[in-house]
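One structure, pasted below without further comment.
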Amino acid sequence: MAMTGVLRPGHVQIRVLDLEDAVRHYRDVLGLEETGRDASGRVYLKAWDERDHNSVILRQDDRAGIDFMAFKVDSDATLDKLEADLRAHGVTTTRIPAGELLQTGERVRFEIPSGHQIELYARKTFVGSELGQKDPKPYMAKFDKGIAPMRLDHALLYGPNVDKVLEIFTQVLGFHLTEYVTLPDSDVKGALWLSCSNKAHDIAFVIHPEPGKLHHVSFYMESWERVLRAADILASNDVKVDIGPTRHGITRGGTIYAWDPSGNRFETFWGGNSSYPDLPPIEWSWEGLGEGGGLDVAARKMHETFLTVVT
Amino acid sequence: MAMTGVLRPGHVQIRVLDLEDAVRHYRDVLGLEETGRDASGRVYLKAWDERDHNSVILRQDDRAGIDFMAFKVDSDATLDKLEADLRAHGVTTTRIPAGELLQTGERVRFEIPSGHQIELYARKTFVGSELGQKDPKPYMAKFDKGIAPMRLDHALLYGPNVDKVLEIFTQVLGFHLTEYVTLPDSDVKGALWLSCSNKAHDIAFVIHPEPGKLHHVSFYMESWERVLRAADILASNDVKVDIGPTRHGITRGGTIYAWDPSGNRFETFWGGNSSYPDLPPIEWSWEGLGEGGGLDVAARKMHETFLTVVT
Amino acid sequence: MAMTGVLRPGHVQIRVLDLEDAVRHYRDVLGLEETGRDASGRVYLKAWDERDHNSVILRQDDRAGIDFMAFKVDSDATLDKLEADLRAHGVTTTRIPAGELLQTGERVRFEIPSGHQIELYARKTFVGSELGQKDPKPYMAKFDKGIAPMRLDHALLYGPNVDKVLEIFTQVLGFHLTEYVTLPDSDVKGALWLSCSNKAHDIAFVIHPEPGKLHHVSFYMESWERVLRAADILASNDVKVDIGPTRHGITRGGTIYAWDPSGNRFETFWGGNSSYPDLPPIEWSWEGLGEGGGLDVAARKMHETFLTVVT
Amino acid sequence: MAMTGVLRPGHVQIRVLDLEDAVRHYRDVLGLEETGRDASGRVYLKAWDERDHNSVILRQDDRAGIDFMAFKVDSDATLDKLEADLRAHGVTTTRIPAGELLQTGERVRFEIPSGHQIELYARKTFVGSELGQKDPKPYMAKFDKGIAPMRLDHALLYGPNVDKVLEIFTQVLGFHLTEYVTLPDSDVKGALWLSCSNKAHDIAFVIHPEPGKLHHVSFYMESWERVLRAADILASNDVKVDIGPTRHGITRGGTIYAWDPSGNRFETFWGGNSSYPDLPPIEWSWEGLGEGGGLDVAARKMHETFLTVVT
């Protein structure tokens, strides 16, 4: 009851073209903390307010993009149950052994109809934040090292069959739909924002012909002022910005989209509506997404890169 | 799974000494919207980002305080199940018929060992926000009418037997403990912050000899700057402030405590940690609550009113 | 000594194509207060933190743009002295009689080599702010009526001969140059930011073949959050945004550029460097203005409209 | 004309009981940059947005307090003229040779009737900010090292004869009175806020029987959020806070007062009204200072320490 089952986005594995360039970006510019490297060369990082060992894993490859996105569930029993439920829904699952990712337990992996690999897992080593668990101080220097988001917040994924994706997330995994966009002159939901919490979204999808594509991985900022500071830091590090600072009409969150050195888009995101499963989702028309400010409250237009640039 | 069962604080019924004074405060200074009055004279209000018909009910009485606090659950089935679970746990429950509160379904009421009346309900009329459900605009004048919090956020209640309260909320209702304070030279948890979501808290308790007491009802502000604006508006309306603007070490939220015309404390609250049931709660010592900044990061002292002034 | 001579931008007279459309924009969207209309039909407005009778005057015409921009000086003696100094510098001046603008004393008007009409005046009726002059409250509802800037801050004007304009403002009127941009492959200052105070700028110029053009009139916002609120209000009123929210590298101020219903650009501006006449101006290359983020820290590019759209 | 004569607070020399404790505070907690030490052991610091070599000088002594506060003037000629004007006004002046303070030219020192040593000087080595003078980046790590104020903003000094102090600052030095407090049941100005710019104040005085006392030295913060961050950093370094975060009604600035390790109060200050010499000062009654929120908008009371704790 209350917060159970699927809890939150737990980790994403991102493919980067040059590992050390990527580490410099995610560690020194974005300001994540490097928490480990594994035998295969992957680099693990976490944000300062995250308590589990890692949330971002970088893997060098000759093609940018996302390998998989994982959600932490509340128990081994939930992991078993959700695996069974997925299979009952016709979704093929596989088990990745504990330890395949550093400090991470067994994972249930499955491909969703948009072509993305999604994972569930119940265990990842609690390392805590540097503030500690007893009488914590309100400040540490890590808050201000680079952009320094609080956490991995969500990802936006592009691929086909988002109607079937919606079924899996809402009927099997317990997510609720918070906002959606209908395609032009149509009732078809072409873009979905989904939450397993009372956050504005924990994952989102946009319909796209190519499967398995990454639009962006999003990191949470504590304030709109921290979004501006992110812009300042990006500029000072010659990191190219795509959109923002602005507000999304969808989710009402403040945002900057920018690209890592491999061309993977990331977001520094602030605020956003709270959401609850009993509240009807907010509907956006295609015009609402563009001219109506769903994407960009200030510019109120469709940015061409939003629909075309993915990895 | 995910957000299920108990969803959120749904309504509080507050006793006020003079109804029209109270309406002026909650409507014109705090900036809630009046949504109805019932035959018994009670006044119903909601915040601008709330979608259900009411969240604050004012009842005139010769004694200030809180009549009851209620949580919305996700379905009638959950309501039935939680009622059964409460009874199995030894808690007496009663059903309040639908319609006893305007636009609100049947409620399951029970007294917890701290002497407070808590309610669960599954239905309250969805009225939406003025922004609407389709292609909403990002702004409406209501955002700036009075202090204009987004929502009822939580309440802090004072009473005895908080250990037994903890059991009910965590073992029966599915809440998780996010932070707690131990009494001086003791392991006894004397103060509890509890969440049924990934908010920092949805309800909190402090041990106190008198049962059924209200420390404060809290309303959510979108930013630290809006907390300062609240201070400005309170000052301009000669509303007495208790504590703040400051940050609580506990929850990390920004805060002002102040009193309504009847002496009921309310809070304008911003931010706060996210919480998840798999993360261990943060522990505060008694000294941590006071000198350690648990209550007030800036002043780092125990404010005497915090422990003594309740309604 | 200290703040003497030319004090601040006092008023601008803006040409609008439809007076009532313009009033709706400047009064209801931007949130200025209408303080009067004169026999010729001009409408006078002021911002909430301005104490003199008016700062923006709207005049209906069949061509948008700016009629004149005026600076308040500290005394009649200064007015006389500056008029003499201007003439000694070879600038033709004329006197506009007191009362030609409502509640405004005699003005010394002169055309500068960029083709703009500039005025100096020493007297305008003090009307105060609604907060009053004794024991003022910290808040009034006017702070939140529309975008509600604190004041007219500066204007950016486009025209030829900015080198000669620089001479007049620094050698005659006592301004200091705070930042400038050199033209491509050149030492020629093609854009100037000038201050008569310790503000980042009180007036600015960009070289342009057509004389007397208006790039934008700027209004001051108390915070970066208020700039976002401006974006929200503009969007909700279907006002087209040109650039922003972002930070200018030049001045370090937060900004939104948008257009009034007649096509006159205005800015909602926050922050900005302090400036002093003893500090050397900051130099920007042409690439620095564009790719270096001088115009837009986030996008780091030259927006084509910046150089081409003026009224 | 415009900004001439006295430009801004240039430096303060503060007496500290333990030099290295003080350096740790001003450099590591407050976040000023150490720019030098002289033969007599004094330590020189500056804030990140200051361009001259130093603004805070720490001198070890067995008694805390302020040795002197100095203002930079625009030229040697002004220095000579103001010295002559001071003498004509009956103020004794002495010349301190260039180089007595590191990187600082000749200073004109004089005691004002409140018992404080005030200095004027025209030259201090321009060292610039780390961002540089050409195509500056918008961010450097120094922005976030400690509290990191932008600049020395003003000081509040306590002593007798503030009426005579007012004369010197307004009639000789060209400051204008921006706000003042009258003593109880009296027209006597007991507290003065004075500006030589369009800042809310560059120096302030409160009447007090003991001469030459320091109430606080103030440092400027870019936003209200940075004031909260200052509170967090102070708490994390166990620095005792006196008042705040709150807003002063007087100046409308956001504030925290706290004490350095020697007991000298300092302020982290944000915002504040703009001021101009043609605008009448705002008047505060004694009740307005306390209950009216002149000192503290939120608490609206006289804090006892405000009147009694000085160094």
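As written, the chains take the letters A, B, C and D, and residue 1 is the first residue of each chain.
By definition in this document, a residue touches a chain if its C-beta (ideal position, glycine included) is under 8 Å from a C-beta of that chain, and two chains touch if they have at least 3 such contacts.
Quick caveat: nothing in here was measured; it's all calculated off a predicted structure.
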By mean C-alpha position, what chain is farthest away from subunit D? A
Would you mind telling me which chain pair, C-D or A-D, is linked by more contacting C-beta pairs? C-D
Can you work out the whole-Å distance between the CA centroids of subunit B and subunit D? 43
Approximate Å spacing (C-alpha centroids) for the pair subunit C, subunit D: 30
Rounded to a whole Å, what is the gap between the Cα centroids of subunit A and subunit D? 47
Contacts with 2+ other chains: residues of subunit B: 137-138, 223-225, 231-232, 235, 247, 249, 293, 297
Okay, in this complex, where on subunit A does subunit B touch? 1-8, 49, 51, 72, 74, 78, 82, 126, 133-138, 150-151, 173-176, 195-199, 222-224, 247, 249, 252, 271, 273-274, 276-280, 282-285, 287-288, 292-294, 297
In their complex, what parts of subunit B are in touch with subunit D? 224-225, 228, 231-232, 234-235, 240-241, 244-247, 249, 254, 256, 293, 297-300
Mind pulling up the subunit A residues that touch subunit D in the complex? 137-140, 144, 223, 225, 229, 231-233, 235-236
